[in-house]
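Below are structures written as structure tokens.
Paired with chain B in one complex and with chain C in the other, chain A is shared by the two complexes that follow.
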Partner chain A sequence: MGKIAKVIFVPILCCLIAGCTDMRILEDQGMIQAISYDMATKDKGSDIALIKVTAAIPLIQKDNLQKIIESTATSSKDARIEFSSQTDLELVNGQLRTVLFGKNIAKQGVINHFDTILRDPTIGLRSNIIIVNGNAAKMLAENYQEQEPTYEFLDRLIEKQVDENIIPDIDIFQFMRDVKDDGIDPVAPQFIQRKNHIDTDGVALFRGERYVTKIDASKGTLFSILNKKMINNGQLNFDWPASQQGDAEFAALDINNSRRHINVYSSPGSNQFTVDISIKVKGSITEYIGTKNLDNKKYRDGLGEKMAESLEKQTQELVIFTQKHSVDSIGIGKYVRNSISYNEWKNLDWRKVYPAIQVHCSAEVEIRDYGLIH
Partner chain B sequence: MNEKLHSFHLAILIYLIQTGVTLFVLPAELAQNFGTNGWVAVIIGAALVYINIFLIGAVYRLGRGKSFFAIIEDGMPPMLSYTLYLLLTVLWSLIGCITAKQYIMVYQIITFQHTPGSLLKLGYDVLIYTLVIKGIYNIAKASTFIFSITVFLALLFFYFITDIELARYTPFLFKDGDGLLIGIFKTYIAFLGFELSILFFPYINKESKFFTSLIIGNLITTVVYVYTCLIIFGVFGYEYLKELIFPLLDFLSIIRLPIIERLENLLYALFALKVLITSVMFYWAATESAKRIFRNKSDKTLSFILIAFSYFISLIPDSLEQVRNWLDFLTRWEIGVTLFLPVICIILILLRSKGRKHADGKNC
Partner chain C sequence: MGFFRKRYKKALLTKENQETQESVSLENTINQFRECSDLVHNALPELQVEYLYIENLVNEQKVKEYLVEPFDTIKFPDVSLILTEKRYKKTADSRSLYKGILNGEAAIFFKDEAYLVNLFGPETRPVNESGTETVITGPHESFNESAGQNISLLRRRIKSSHLKVYKVSVGKVTLTDVYLLYLENVANKDFVEKVKQRVESVETDGIFESTMLVQMIEENPYSFFPQFLTTERPDTASSKILEGKIVGITDGSPSAFIAPTSFFEFFNSPEDYYQRWAVATALRILRYSAFFITVFFTAFYVAVITFHYEMIPRTLLSTLLESRSRVPFPPLIEALVMEFTIELLREAGARLPTKIGQTIGIVGGIVIGQSAVQAGFTSNILIIAVAISAIASFVIPNYIMSASIRLVRFGLIILAGIWGNYGIILGIGLVLVHLSGMTNLGSSYLIPIAPISTADMKDILIRAPFSKLKTRPYQAQTRNPYRQKKK
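On to the complex of A and B.
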């Protein structure tokens, strides 16, 4: 055999031989795209809480684009065993894109259900996690778009909402990292099933691994500004009702970029912390409804200041909301931890201290342009 | 024998012998043993390795390039030197073998779960054999090629620059770890492989810049380890790292490029080449050692016997944990060897030169 023939022949042979074992025939694979977890109704007289697990796999049929298999069991592992008896396909997890948790089950804690997901090397850590306000299985089973299965629609919806910073970009990896980090509490996007569509419900806030409450979708971008060091997209709406100072006004700001800084001041030896969160937002005005003429520099400057003032108030409210529920979803704990010694941090019960700390939000708004009209 | 190892090849070879599957577990071990900012410990490990490299450099200089085997045979009784060779042959061939086995077993976690590991290992051993018999120069050339196709991996890590959060590093050094001593021990193990350079003396000349190449080779390893661990600590946070077994696998799995994702499957396969050099070099060293005992046997026959013999031994440990225990045991011995060989060589050289001086003095 010539040298060139060897060079070509051997690699081709290697590639082909690799397919002779551990064969996976595409037509025989049931590629789970989304999986959901809900609390199931208890059997009468039984104390064991059951969970309902459903999985969506693609189907190529005219009237149905996805096949839903469901199972009720005591654990997610049991449920998976039952799955395989319901289909002639070999169920594989490599294509899993979204993991849905019903709100009820999320309240009990989600880590146990992650065990299978984290252990399975075929599942990518980039799979999205979402919380469903209601029944996750029901939401997944319904069809909303004619030519698109729900799991795919959901995947695209999440991607778009994340791009616009309405919901946080949370995958298994980020969620687990925040669960393990003692300076932050995890968050997840929350969705709700409406009559004919799926709607963004807001941002689910967790205390450790347990769901506690949510921030409304209208405040999603505001949360992103506080939660992330920097964002480059999103929209903020400002609404000023009519008052003695002036008429009602409305302005929409398209964010070009927003930066957040957190500074911690502490008095040594005490659990008294003062946290300054400063936010700098730069954006373009995309809508203004009001009586002021933006031709006038004085009014233009005034609008920026009013926006900053309103932003300060809204972010302050959001922080107070998290303090009230004792969830450090913004990750202030990480900054406090880094401002004190290791022993001080370990002796500090951050969960108890967080609601009582002083947080002060300050904001600056820079308006890059006002669009094409005054 | 005219061909000598070039200093560039030598440095790359040292780096490739040192790195392998260890890189996949190292960040997690650092987090478990050192806790916060465990990545700094890599520098401590590297510093210890440098002390060892100085010892090997000293052997080269004091012995004026005399081969390791010649130094031993000149100063030790034959029985003792044969026993040492036997021990080294068994140890090195087992390390080469179990390292490959560990790679195969981790590979089976991600692909070929149901294919018998023994079959995969057999295929891998054929590859090892074909490279070992080519000799040190060709192994060095192959490693330069392998280096050029694996080094781009480091560029991929730039993907994570935005995921790194400084606050996640914490300002604390080595807090919340399980044990500093065991940590340093394990970090040192991650650098093992450089000690084989003590066998390179007959294959180098002045232009090989032996000592500088060793230092550069170990420096490349240190930079790659520090860089990888630094990024992984910043992305995962030490608390999450503690829970993982193969953080680098998870790390690669979260890279999502526009046309491709789940890169870990592809990239782990690339590591086969890195591990190949590690295994091949240990087998090469074992063959060199065995050659001194069985002088009438050819290199090819000896390599074949060693690979075949160790292949059957590698069938004994059949779980990843067992393989890890075996490797733990073998690397403990290897650390001993790493320290013992240069020290004994230096002693033998010094004793001999003292003896010579003494004899010269008498003659005068």
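On to the complex of A and C.
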């Protein structure tokens, strides 16, 4: 190939490789930031369940920071067609950060609505998924903070709560992976709309793709300790009412580091599993109301033991709660699966086995620092 | 004193005239220099001596010392005695006679013979601080337009008989002296031969600058990038000589060129060696970052705003949207207009006298900084991008390299406007292919990255403490690689 031919062909080839990406000039795009799914009220005499989809896109006007577009349709794809006729902007998904599901639609299963989200390559798999206890569209449409649109507020709220381990860090990728995995059931953070703010409602537990129940927000950190191998942040509160053993005490532990180990013991050939969950928490006391002087190592160790005891009890309760609802949200199934052969796991109906297995929780609490009181 | 003072106007010396062989005679010489009003012709009839020199090339003191005084006191028989003194060189060749006169020598005619005595000494600029390569710590001297002065600056720094100064005359008309300086026991002989040969084979009527000469001897004349490092600083030049490289000095030019050079040397400043190693390393990293900012920042802005809205972080989205919403142009045009304006400002500032130059700064600052945004002409984020890339481009110590990089940036901005990030990557790819294909005296331009030389990275990408810098750079291909005692 001659030099001139190269000079001509190389740019032409470059053009071809580039494909046909459309220009997406920033100010012409309606960048959907959050999208919500709810059940719509059914028309009388109609069998088809309608869903209500709303999307929040940023606006540049000073008084109104977000524009909500909504549509009622039979599927999320129909809804999208209706969306685009409501705005002069080109609707794009590349900035999608939060997917909200109303509790009522989550109970029916969420997979169908994920289809578009998963297929569109511009949607990052790190977008959050949350469940709204109530009407998701209504929660998204309302404004809670001045100078800050709701989608942004929500995004920051999730980020902060995840950082403090009050709610699990669940993005689309993790959620879908857990849905497809047979050794774990998915979870999602759940929020609720109060009078003029959004509140954390807890952790929504799913059985497969369907919403089952929730863990209260006060147990969120506890769930994170059980759910994750290690956490580095969070706070645990312990409350002991006055009894014959001693006076009433209250202690708040700021977690520096918490590790969880799961050991599975199984007797071959049978479906009997014993699972040991051991938790090691290192933390600092940030608040203590009680009679004991923590400067004394004896009392300090005593308090640590009391905390561990309480922690064991609470985690045990949490596991039993999931067993009662037959949802393996902690992912014990994955550990069981690793401990046995593939065939054994194939023949096992984990959903049925899980509620019956023995789970034993043990905890250790190490007090690193208890502060100074002058 | 009885002198006849005659001035002859001689025609300009032309190439043809110079090359014809003539016999050495006063008439021929005067004829050769006809219509040159600066030719001084003096006759001493009682001594039968006549002499010629060019007034503007000689030093008055020397004229007095070598011409006036010796012949003033003597009688006719002693003339031949004086002319046997060493400083009077007998010349039988008319061409070297003319060349001598043009180099500031005086031609003395006695009987049928001609003698030359060197009176050269025109006014030169004193050694000043460098205007283009300033440092805060370190020597402030810089080269000036006199090659002799420049060589003296280097000789004073390297007191070694191994320092060779090879002279070549370049330019058929200008006969500019080019001196190649190198350490004989360190520099690679092939490189020395190559440079000598290339400089000698330059065929042109004249050169006035080292940066002009190197464009005639480089291997990739069509490239955007300078291939020989040029410096105005004697400390840089002498450090390169010590590294085993060759330094070229052109008479009449304040810059010296260095061969061979790698791309990364353009990002090093002599001050790196005068600073503590940690500071110097940080400065080098800063300069490489500046390089990337200059090349990519505006292009990246264009790509993101035109194609990749997904990449914008949540916190920046509303600001960007707000500032972009008022702009009537597509991002590519917006960016090109702004970059063009900045280049206008820069060029205007460079050409204007310093006193008016300040006005440019104020006008530019106010017009671009505020009015353009207020009028909705551009977005303020772009102003920041353009301004930061412009500042970053000035961080690069070598002005010629910095100008080349600014030019490459325009290409990338256009590519980014057409194909987005793909275009940027394409552009980098092309530049990288081009850079890695370039050679300098046959050695790679991208040393020490390609071919990789980990030892050199200590002194190119970072600046390791001196105890770690024991070897001369790989690129110099020296026979004598250790610069410190081996332990």
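Here is the rule we go by: the second predicted complex is superposed on the first by the 352 of 374 C-alpha atoms of A that agree within 3 Å, B and C clash if a C-alpha of one lies under 4 Å from a C-alpha of the other, contacts with A are read in each partner's own complex, and residues count from 1 in each chain.
Going forward, a residue touches a chain if its C-beta (ideal position, glycine included) is under 8 Å from a C-beta of that chain, and two chains touch if they have at least 3 such contacts.
These numbers come from a predicted model, not from an experiment.
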item	value
Partner chain(s) touched by A:Gly304 [first = chain B, second = chain C, both, neither]	neither
Which superposed partner A:Lys334 touches (first chain B, second chain C, both, neither)	first
First (chain B), second (chain C), both or neither touched by A:Val92	second
Chain B versus chain C as contact partner of A:Gly109, first or second or both or neither	neither
Touching partner for A:Asp181 - first (chain B), second (chain C), both, neither	first
Which of chain B and chain C A:Tyr342 touches, first, second, both or neither	first
Which superposed partner A:Lys229 touches (first chain B, second chain C, both, neither)	first
Which of chain B and chain C A:Gly124 touches, first, second, both or neither	both
Common interface positions of chain A, toward chain B and toward chain C	21, 94, 122, 124
Chain C to chain A touching residues, read off their complex	304-310, 312, 314, 317-318, 320-322, 324-325, 327, 330-331, 419-420, 422-423, 426
For the chain A and chain C complex, residues of the former touching the latter	14, 18, 21, 23-27, 29, 31, 58, 60, 65, 92, 94-95, 97, 122, 124, 152, 155
Chain B contact footprint on chain A (complex, rising order)	21-22, 94, 121-122, 124-126, 171, 173, 176-177, 180-183, 229, 331, 334-335, 337-338, 342
Contacting residues of chain B [partner chain A, same complex]	36, 109-115, 119, 165, 167-168, 170-172, 175-176, 236-237, 239-240, 242-243, 249-250, 253-254, 256, 261-262
